[in-house]
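One chain, chain A, appears in both complexes that follow, with chain B as partner in the first and chain C in the second.
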Partner chain A sequence: MASYFVAMASIAFIYCLLALGLNLQWGHTGLINFGHVASFAIGAYTSAILSLQGIPVVFSLLAGTLLAGLAAYPIGVITIRLKEDYLAIVTLGFSEIIRLICLNEMWLTRGPMGLPNVPNLFSSWGPKTNEWLNMIVFLMVTVCVLLLLQRLIRSPFGRGLRAIQEDEYAAAALGKNVVAFKMKSLIIGAAIAGIAGGLYAHYMSYIVPEMFLPVVTFYVWVAVILGGSGSNLGAILGSMILFVFLEGTRFLGDFGFIVDKTRFASLRFVIVGLGLILLVLYRPQGLMGKEK
Partner chain B sequence: MDSLLQAAKITKSFGGFRVLSNCSMRVDPGSITGVIGPNGAGKSTLFSTLAGFIQPDEGEISYRGESIRGLHPYQIAQKGMVKTFQIPREFGALTVLDNMVVSYPHQKGEALPNIWFGWKGVCSQEKQIRKKAETLLEFLKLSDLKDEPARNISGGQKKLLELGRALMLEPYLLMLDEPFAGVNPKLALDLMDMIRELRRLGKTFCIIEHNMGVIMTLADIIYVLSEGEVLISGPPELVQKDKRVLDAYLGMGII
Partner chain C sequence: MVDLLQHILNGITSGCVLALVALGVTLVFGISRFASVAHGDYVTLGAYFALVANRAGWNLVLSGLVGVMACVFFGYIFFIFVFRPLDRRPKIASVIGSIGVALVVRHAILFIWGTEQHSYQVAIERGIRFMGLMITKNEIIIVITAFILMAFIHLILKKTRIGKEMRALADDQDLARVTAINPLQVITLMWILALSLAGVAGLLLGLKSIITPYMGWDILLSAFAAAILGGIGNPYGAMAGAITIGVSEEVSTMFFPPTYRLAVAFLIMILTLLFRPSGIFGQKVEVK
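On to the complex of A and B.
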């Protein structure tokens, strides 16, 4: 049970990181990014491929983070000047393109066979994985990212983002380079998803393209909306609740709920959807979001 | 004297509909230049074009001796030519003070590296900006509202806040789009005094206004726009007597 908890907590921290990245883009800037999983995949594949080539994990993680951030740049160039809905559809397309590249570029990613034997974070210390240590590192990374982001949103840059989110036309009239603000937010959010991807790859030790379906993006969206867009702590709380729910319902069978597993998997989607509808109706600002 | 802003033969059509046609105007430094005209004359379009929000089809715009045609609105604002809006566009969720503070240009804390590696510098600059904002709010008589979310203040106060935000950029030229619209008479008198005081301090104004009483007493020179063209320009006393102006306003008494 303890090891199960550790494993779940580790994955939950990955989701927290993803939610923090998206919350910067959506909650603090108003960018509708429906392709968040693309940055996650880029981080995961970059770090996995590099570390399989013998590059130390620290550097491969760093490379994955940077590449995920850089990859967001062209997307921003194409779409940031456009309205939000265009950004949404282009990013969604981008995430599918990234996944399909991973699926088809056999020489690079081994396609549907996936990349096995990705070294774990502490592989240089020996073959045995220390789950606890892993989880603590994930926790520390999450806390560090959270602290960096808290500083960011309390800074004049963060205040500029809020102003732009309120009225970008007025912000431009007051000399704010709206495109540059949004671009930075998009790139930082993507880089955070890149870290999450790298950690995920090293943790799972095996990655395949189907881990990076658009549904991951939408789980993260649910977490951010649940926690309250614009609140970093909310993003973390939302991720935790969503994750506990998604994983926790596995155990419902033990408490006498007689529904077979496949059916219950479908039922979970229904419950998540229903929960989201209720939330939007009765607490649209999310659990920790500010009332508008 | 060299002009501060000069627009030459600005033409702009929207889908075949000519909104501005051969508009030329100049704003001299230290002046208050008024722009009047009936609804739909193209005044706001002219302002938006000058401020870079709309690209003219033809024509040249120069500001402080350099061409600003094709520049982004934020670049023009950073050069010290700041436009306010006809309908206030306050940052509603931000406090009145934050609306002011956020408008300060080139803040240290807007550059990402400073946020994590130069926080001290960011904080000390922040104090100065805050002080400046508070001084300006006092001047605008908005001090009592500084911690109020901007969406909660009245329409007239929002107009003042628009002016205040623009002043945070230390502009040379303020382009005010109907600053007196929806402002009560008492506040309008205050606002007139403020504009005069700011002009005495060296600011230049270009003002669109429908309130003839206000603009005729305030402005040194007036441009009358009608159907996208400059009908006439000159000192208020001259413009008031012009028959074409009266016609453009459909014969209504303009004073």
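On to the complex of A and C.
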């Protein structure tokens, strides 16, 4: 039971990181990023591939984070000046292209067979995986990112973001470089998803393109909106609630309440979808967000 | 050479189906002003309801009608309960609402029909050969149906009063409101048209290849690319854009693995946004 808890908590922290990244882009800046999973995938594959080449995990994680952030730059260049719907469509397309590359470039990613034997975070200490240590590291990374983000949104940069969200034209008129602010937010958010991806790859020790379907992006959206867009603690709370719901109902399936497991899984997502609709309709500020 | 022509021919067929989806996407964007992520899943919904009718022994025309009716029925319910109340809020709310609708529709389909692949019961016929080119009877049906529907949309937009009102509303919402146009009526008709097109597209897509719970989602991105290429909100642009994207995707398979077809649509979309964000066939549309 304890090891089950540790495993679940580790995955939950990864969801929290993803939600924190998206919350910076969407909650604090208003960018509709429908391709968050692309940054997650880039972080995961980069770190996995590099560490399989023998590069220490610390450096491979760093490389994954950087690359995930950098990859967001061209997307920003193309879409930030356009209406927000375009960013949504382009990022969605970007995430599908990244997945197609993971699926087809056999020489790099082994395609649908995936990458097995990705080293554990502490693989240099010996072959035995220490689940507890792993989880504590994930917790620490999440807390660090949370604290950094809290600091960031109170900095002049954060105030700039808030000004842009409230009135883009007024902020521009006051001399704020709106495009640069949005670009930084997009890149930092993507880099956070990149860290999450790297940690995920080393934790699972096996990654396949199927883990990076667009639906992952939408779960993160549900978590952020549930917690309250614009609230970092809300993003964490939303991720935890969504995760407990998804895992808890999976448990019901395990106990044999439902005959057909895959069908039961789809029923859970119908509920998630309905939940999202109800939130947008009746409580757009989520649990901890400010009413606009 | 014949090979190239064959790919172009195949591209026109898939472009025709794509055009119906892209038309829906662009109509919703033009009138309701948001990018609906759920539109692809409406296509899937139409395909599955048509499948049920087809399994019950109904012919394809009747089955297609069942699919269309299901699309309109469920889509209208979502319009009434989700998108209409969200209309007064920032447009982003509608986009996020459409994620919810997409999740609900897709997973309801998965719940009811499972993950298996299906196909319609139609007589398998050998393709027709013409000057070295090959086309199946189904493909001819697909092209003809799509062109009839596109002509039909053209007539509604250009010849009927409500069609003109629709174009007026797409051009300038405020101006349209002060000229005694009833927006609700126009928006309702727009949704009925967009949803019917999605239903027919579902049938045609299922006829062209196979029916899976992800078929509509998989075509959605190409549909957006087509709509953007043609100038989003512009129905004629969407049709031309869809044929262009369909042909490009198909011809690209001569040089790249067919799994990268989507990347071609994506590339065209990116190039359009970089160099001519209002679309190549577009009149001026609001992009910023």
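Just so we're on the same page, the second predicted complex is superposed on the first by the 283 of 292 C-alpha atoms of A that agree within 3 Å, B and C clash if a C-alpha of one lies under 4 Å from a C-alpha of the other, contacts with A are read in each partner's own complex, and residues count from 1 in each chain.
Here, a contact is a pair of C-beta atoms (placed from the backbone, for glycine too) under 8 Å apart; a residue touches a chain by one contact, two chains touch by 3 or more.
What you are looking at is a predicted structure, and each value in this text was computed from that prediction instead of being measured.
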item	value
When chain B and chain C are modelled together on chain A, clash or fit	fit
Partner chain(s) touched by A:Leu276 [first = chain B, second = chain C, both, neither]	second
Chain B versus chain C as contact partner of A:Leu31, first or second or both or neither	neither
Touched partner set for A:Arg162, first chain B, second chain C, both or neither	first
First (chain B), second (chain C), both or neither touched by A:Ala170	first
Which superposed partner A:Asn104 touches (first chain B, second chain C, both, neither)	second
Which superposed partner A:Glu96 touches (first chain B, second chain C, both, neither)	second
Between chain B and chain C, more extensive residue contact with chain A	C
From chain A, separation angle of chain B and chain C (C-alpha centres, steps of 10 degrees)	80
First, second, both or neither for A:Ala48, with chain B first and chain C second	neither
After superposition on chain A, the shortest CA separation from chain B to chain C (Å)	9
Chain B/chain C common contact set on chain A	none
List of chain C residues in touch with chain A within their complex	29, 34-35, 37, 82, 85-86, 89, 91-93, 95-97, 99-104, 106-108, 110-111, 114-115, 217, 221, 224-225, 228, 232, 257, 259-260, 262-263, 265-266, 269-270, 273-274, 277, 286-288
Residues on chain A engaged by chain B in the complex (per definition of touch)	148, 151-152, 155-157, 159-160, 162-163, 166-167, 169-178, 181, 184, 188, 290, 292
Chain B residues within the chain A interface of the complex	51, 53, 72-74, 77-78, 82-85, 89-94, 98-99, 101-103, 105, 107-112, 115-116, 119, 122, 126, 165-166, 168-169
Chain C contact footprint on chain A (complex, rising order)	30, 32, 34, 78-79, 81-86, 88-90, 92-94, 96-97, 100, 103-104, 214-215, 218, 221, 225, 262-263, 266-267, 269-270, 272-277, 280-281, 284
